Structures are given as structure tokens and as C-alpha cells.
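Chain lettering (A, B, C and D) follows the sequence in which the chains are written, and residue indices restart at 1 in each chain.
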């Protein structure tokens, strides 16, 4: 974990966000989550912000985790509401506001309707955005129009972030401020370049690069996310181990497919970046 | 908790099964779950079997919990697979079989498609039923035909149990062997009589009683389950506290409604039992 | 079609109900639907009531069809609301009440959440049951508890009918008055006996017979309904043709499976009926 | 209808596409659909292509409709598969290919998972795109990443079109070729300008205009689509009548809201277009 963080910072990422969906937060004990945060904070050592996931079914559990990540030195948190029973929007609001009141860190709200049972409606997110500790939203719905509505209605300064189900360039074009993306763990400089092209408003070139990178996003979405990123990290010399059972590990054939895509995407991206936009690198 | 268990045993229940959906297992820390099991085992003191829920997203978490409840003196467990990512039936099978191999207690499989993301198909349950530690299934789908298929295909001796979404009498008629039901925490002697009428194959009388009790099941299903049972226990002089936030507690008006239904159902059930089937009580 | 109706009446059915889900009503033009009703009315010739499906997305379309089946001599209709856009319960109520006001025939409401986009809640069905032309409900939800609630809350005399997703015996036990079931097209005398056992309140024997017949219901549910019944009718010497494309016809292997189940179920049912309850036949 | 078509052509639209979701195709009889196509073809009189919806549950029904619209002078069709029973991807493929083989017109495939029961997977659309009569896809999933995958995998020349659930500018940026959008019936010149800004690759200005127009898209999505467009057309002096019952007509308050949004959006768009990009108009 430390070696990976060192590597990612060396490649130019602007932040580290452990304990998301891909990071198997939902499968880790509270103790293991704390170890992950500790390792990432130590590795970053203040160079980039560390914004781990806080993920709970109960207000109390979330506040406990939020305080723990703060004690461990995190710079913010990505807050998720897990649930078992259905909840009204009133109860969902209650969860986010009570954690925001209790924790002394900036909060990114995380919504992922593919995996989470409770979704947050646009009206509720707009309301939550007015709380001074609510810093932004990481949305994995894949419905880009939803982000346009949020960017227009949420309070000034509330950041819209794309998760990997979205086309990063499209989210940046509509006013997004960044990308939270599992694939960026392995296509790191490529995603940093993508972000820089967007910041420079070079949309056609950004989209050309996005298309090259999208092949990996498609593979990522078609396998178990954790298994896919672990396989890709293995290709790069890391030892991430297997997904937590009963999540299956990737079959060898699938691994080979991912490694091949990874190699091809990297080569294609390098060629594109070298020849067309040599001057982009920061 | 101890007082409640003592009360339930005094009313004639044939077993105690803490840490189900209604028991908010999904919201409790591992430590709190252990405290619950300890309290129930102590209270029962061997008089009736104690069969707590084991509920986890990971094989390791489930095995740890299974061993803990065994150490604490449980007589079996109700095993549930929680999930965040979607899982194939192969991965689901893997979870149940690995826990069954590792734990030295009888297992009741629990499926509740209303709240759980992963459902078990009939073919998989039939296959799992062949494992010697698999003792039965508690199904909360409400689809009674599914239970008829299971009763015909699962191995001899594998028990079919109704959760509260089913009509208990109907499940008993098709070959079921018992009821796991949140409402039985408060309509205890009434549900014991229902069970006895079914065992005596007095189906018309059982259904007449079932209809009287069903009004409470309807209320139970229309509110948050935990909130509803807690409100009903409060009516009976227990102090169960509020549901775990952000689950809302019941509004006072809803509490009054539940209490009224509870009183009326008890009176109607007593009248029916007294006049028509005086001779049933065990 | 005429030959099949003659056959079914000869086997003792108490009514004919063409143009349900299995009858592919949703795939037939209005003209074809009228031809079906005409053929069934002619074949019955007043011997048993004919209650065809009326199935539309619009109030006007439903009223037109309702008047057409009345002109053709139907004795009632099974009314379904098809939809494309989502509808509020208010709009759903509007559909059923306007058709009931305009048509001069008894109406059976049909709900099938497996195939229909719009479901009717219990409260709405209870309200609709008070309209004098509403004669009952055919429910295919498979959730038997829903039928118990309806049987307790709908107006006196409003009939609860089981579709094939339900266990007929269980629905009869809770107060149901009949079975609407695709499988009864081919297991006709067996289903008539089942109905008679229920009417005689011989519940254990009815359930024993139900279990024998259930194997066919399972096959029926695992294939395309229309394809399955057509294959079974072919086995009995009828020429029902293929399902309407793009619904696939059954592969030969699946046909063989269905025919084998049909033969075995018939033999087993006959043995059971002969030896155990010889005296049931009407 | 004729007056509306004349108006739209005068405002610069590049084509007319009656009988989509908003056009209530699903609610119209075959006769009424033909009248709509006739009216639009007559009104266009060859000035812009007319591409009506063909919408059926059966292969035969779709082929009949396809031939009818061809006879009536349509230039292509938007082909939809309606369904009642679930269908395998093989059966879905069968529908589209058999209609494509039988009809002598270009086909736009239409997928709208919000309202249609059957969805087409990316692999199937890619396969269908190889048929020479398949000209493109109108997608209303709102999941923009899906369109990026299609634009990369479908055959060269197969057009990707945004329906109104998508942000038009984002779809154009990723390689889309046009917009099929109910709101363009009333924000016509504004949407034509949007399209031209995209064609000129002036993405930041296109997005600025898109944000202004999005407020109407939000209103459009929050009401019944047909009711909303009809209310807006009424504001502009047309007499579109009410949605087909049981779809409710808009309450007066909702109408006022829509009219207000429409006025404000038009004024804001004019101001933006006048001051910033005066030179865009074709």
C-alpha cells in the first residue's frame, strides 16, 4: 500500500482516496480500514490530500469512523450511507447532516446507485450542499445529466466529481472539478494528462485521449472492480492479493485480457500524447 | 433483553432467534452482536434452542461470527449473505459452503429479497440443502410457491420455515416446520396456538386465527420493522429504545395505531380461541 | 380454438378465459382478439361463462374492447392496464373506474407485476372492489399474503382468484373462490379435482394433489408461458402453432422435457386420485 | 399537426420525427399512427426528412407498420421493440433483423430503458449496426458512457443520437451526430443554435447555452413528457389537446410553472446568443 501510494504521487496524482467501492471498503473491518488510512497518510506525508471513504449503516458508526480518520490525519472524507432497510429522504438527510455536524473535516458525498441501496435525489443533494462542511459530490450513477443539474443548483464552490462510470471529459466540460477513478490507479499519468487537457479547455484533444482510455474503463466495468484493479496492479509489479471472498478472483484468461488492454492503451495514449500534444505535461 | 427472553419462554416459544432483520443485526457492531447472543443464551439457560443471525459480506467475517456465537453457547445460526457488489450464484454457494465447513453448528439459510441484494435461486438452495450442516431455510420472499418447490426438492429433513412476509398457515400446510416471525415477539401465545393448530392439521381453524393475527402483520410490514416491534414491546412494558439512527423512530400517532391494533388483535384472538377451540392449548 | 374449448368444457372446467398473458393478448391485434372471443363464445354456446381479457394502455382503447367483447357475447372481462409511462395510483384508478362505468359486464381486475409495468396497491384494489361491476381479482404476484389482505379488506362478494404463480390450494384456503391458470389448459381434470377438494375443505389431500401438479407449474414458469402451453397442447393433438415472434418457439429438447413432465404428472395424479380419494369426482 | 410541422421547419429543424415516446406512439391505434405520419409527410413536402416511430411487440406488427410508413412517404423509421414477456438478446436481435430485412428504409434503433421493458446490450447494438439498413441509434438511457462505447465499436457511419435524457453537447463531443429531443418542439431555434455550436466545435459556448436550456429539460423530465410538451405548445398558440387518458393532464399550476420556465429560458438564451455569439446563425 505504501509503495503504491509513493508510486501514484510520483506519477502526479493530486490526491489519494482509499476505501472507495474499488478499495473494498464495504468488506473491511473497522480495524482494517484504520490500517489502510494510516498507511496512506504516512505514505503521503502531507504531499497530497488524503480523503478516505467513511461507510456505515448507522449515524453512530459513521461518526466513529469519521473521528478515527481525522485522528489518523486524513484531510477529508468521502461519506457513504449504506443501508439494509429502505430509508426516506428525511432519514438520509439526517445521516449526512449529523455526521457533518459531528466531524471536523470536509465531506465529499458519495452516491453509487449500482451498489448502494439508498440513492440521494437531486433536491436532497442541493440541500446538503449548503452545509459548510459539504465540499462536493462523487457520483457514480453514469447519468451525466444529473451532474449538470447538480452543477447548476448546488451552492457555489460545491465540487462535482466524476466516478469511473462517467466520461471524465464530459463531467469536466459541464463544470466538474475532478475525477475519482479506480482506473487511475493503473493509468495514472494518462489520467493526469486527461485532467490537464480538460483544465486547459482543449476539449477535442481531451476527448481523443478519453476514447483511448475508455477501453480500460469498459473492461473495468465488465469485471468485478476490485478484481480488475488488483489484476492490473499485479501486472505493474504490485502484490495486491485477491479480492475478499466470496468475491471471486479473476480467471487467468481474464487477467491476460486486462493486461493486454492495459499495454495497448498505454502505448496508444503515449503515441497520441507525444505526437499531438507534446506541450501539455505539467 | 433478558427480561424479554424470560417472558417469551414463559409464553411457550420453542426457540429464540436474535439478530434477524427486525433485530437490526445489519446495524450492530460485532461487539454488540456478541452481547446480544450472550444475553439470550444466558436467559434461555438451555430451556429452548438459541439460533442467532450471522450476517456478513465476507467469508472470513461470517466464519468469525459463527465461531463467536458457538463459543457463546448458541445452538445453531441463521446465516445470511450481505453484499455490496453483485455476486454470481457460484460465489454465493462458495460463501455458504465455506461457512458450513468451518462452523460446527446447524445452519438455517436466510433469504430476504426485500432487504438483501443477493438472492439464492431454488437450484442453489436445493444444492446447499445436501450439506449435512444445512438444517433449513428461513425465507422472507413472500412468494409461497417458491417454498413449495423447495419443500419438494430439498433433501429429506431440510426444514422450511416461514418468515413474517409469508402466511404461516399456508407454509405449514405445504410442509413447513415452523415460523420465524418478528410479530411473535408481541403476539406470542397467539402464534404458539397458531403453530399448534397447524401441527394438529386443523387448517380451517388455523386460517381463521391467522386472519385475526394478520392485521398486525400488515401494520408490521407498513412501518420500519424494528420501529414497529420496539413500539409494540414498549406497550407491553419493555424498554427496547429507539431504532438505530438514521432509521426513524415511530411517530406518536403511528405508535397509537400499533397499540390499538395490538389490543384489538389480542382480544379478538382470545375470543376466538376461547369459544371455538378451547381444547387446543398444549 | 373451437376444438380446444369443446375439449375443456368436456373435461369439466367452470369457465373459459381467453386473452390472458399465456394467451398472448398483448401480442394480438384488436381484430385477432375479436376473432378469439367469437370462437370461444361460439364454442361454449352458453354452457360455461366466457370471460376474455381486455388489455389496453388507454381508457378509450379499453372501453372499445370492452364493448366489443360484450357485443360478441362475453359474460365478463378480465381487465388489465398496460402502460408505457409510469402512472400514479390516481391515474390507475381513473382507468379502471372509467372502464367500469362504460362497460355493462362484470369485471375481474388482473394484476401481474412480473409482466405489467403498473401495479395496483392493496388500498386501490380495496377501493375499486366497491364498484358494483368489479367482481373480483386475478392476481399473479405470487405473494400470497397480498391475497389474504385483499380477502379481508375488499367488499363482501368480491372474488379472490389465483393465477398460476400462486399455489391454488393456499389461495382457496384463505378464502379464494377459484383458479385462473394456464396449466389447467392441459392438466384439466386434475385441476378440476383440485378445485373440488378445496371446496370440500379436504386441505391435506388437496395439497398432496397440488404437489403432484406443481412440477408442471415449475416448468411452465421456467419457459416462455405461451411456448410452454402450446408445446403441451401439441402433445395432446392440438395445433396451436408457434408463439408470436420474436418470442422464440421451444427447442425440441425443451418440448420433450415438458411432454415427459406432463405424462408423469398425469400418471401420478391419476394414481393418487384413484387410490386415495376415489369418491371426489363431481 | 400540419401547422406545427410548418412552424418547426421554419425554425430550422433538420428533420421531423413523429411517434416517439413524447408523441404518445404507445397509446395510439395503428390508424391514428398512420394519420400522424401522413400529416407530417404532407407538411414537410420533401423539405426535411420525416422519420417516424415504428413500435410493436411482434415482428409482424412492426413489419406492417414499417411498410405503412414507407407507403406514406417516410424517409426512415425509429424502430422500437415493445414487449410484455421478457426476451433474450437472441429474440431481440431477431426482431430488429427481421424488420430490417423486410423494410426498405433506413432504421434508427431506439432504446429507452426508462419506459421500455427490453433493453439492448452494447454487444447486440454493435452487431445490429453492421446491417446496412441500420443507420443509427437514438438512446434515452441517460448513461453517456454507453454512447461512448457505441461510438467506438459500431460500424463506421452508424450515427449516435442523443435523446432528451442526455446532455446534447456531451453526446456531440464524443462523436454524436444529432439530437432527437422532445423539448426541441418548443425551444426550436435555441436547439438549432446548440447543434450548430457543436458542429463548429465551440464546446464552451455550446455548454453555456446547454445550461440555459437544461432548466426546461429538467421540467420536462419531472412531469409526464407528453403533458409537458402539450402544455408548452399550448403556450405558443397550438392546440395539442390533452394527453391520452389515463395519463393525467397537467394541473394549472404546473402549466404556469412550465410557461414561466419557457419564457425565462427563451429570454436568457436570446441574450446569451445575441451578445456572445452573434455570428453563429446559419
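Points to keep in mind about this one:
We take it that contacts are C-beta pairs under 8 Å (C-beta built on N, C-alpha and C of every residue); 3 or more make two chains touch, one makes a residue touch a chain.
Note that the coordinates shown come from a computational prediction; the quantities given were computed from them, not determined experimentally.
Identification of common neighbours of chain A and chain D yields an empty set. Considering every other chain in turn, none proves to be in contact with both chain C and chain D. With centres defined by CA atoms alone, the chain at the far end from chain A is C. Between chain A and chain B, two chains of identical sequence, the interface residue sets overlap for the most part, with shared numbers making up over half of the total. Averaged C-alpha coordinates put the centre of chain B at 34 Å from the centre of chain C. Separation between the centroids of chain A and chain C, computed from CA atoms only, is 51 Å. Put simply, the C-alpha centre of chain A and that of chain B have 38 angstrom between them.
Across the assembly, chain C contributes no residue in contact with two or more other chains. Under the touch rule stated earlier, the contacting chain pairs are A-B, A-D, B-C, C-D. Contact residues of chain C toward chain B in the complex are 142-146, 148-149, 152, 165-167, 169-170, 173-175, 201, 203-204, 207, 210-211, 214-215, 217-218. Put simply, chain C touches chain D in their complex at residues 21, 26-27, 29-30, 57-61, 81-82, 84-85, 87-88, 90-92, 94-95, 98, 115, 117, 224-226, 244-248.
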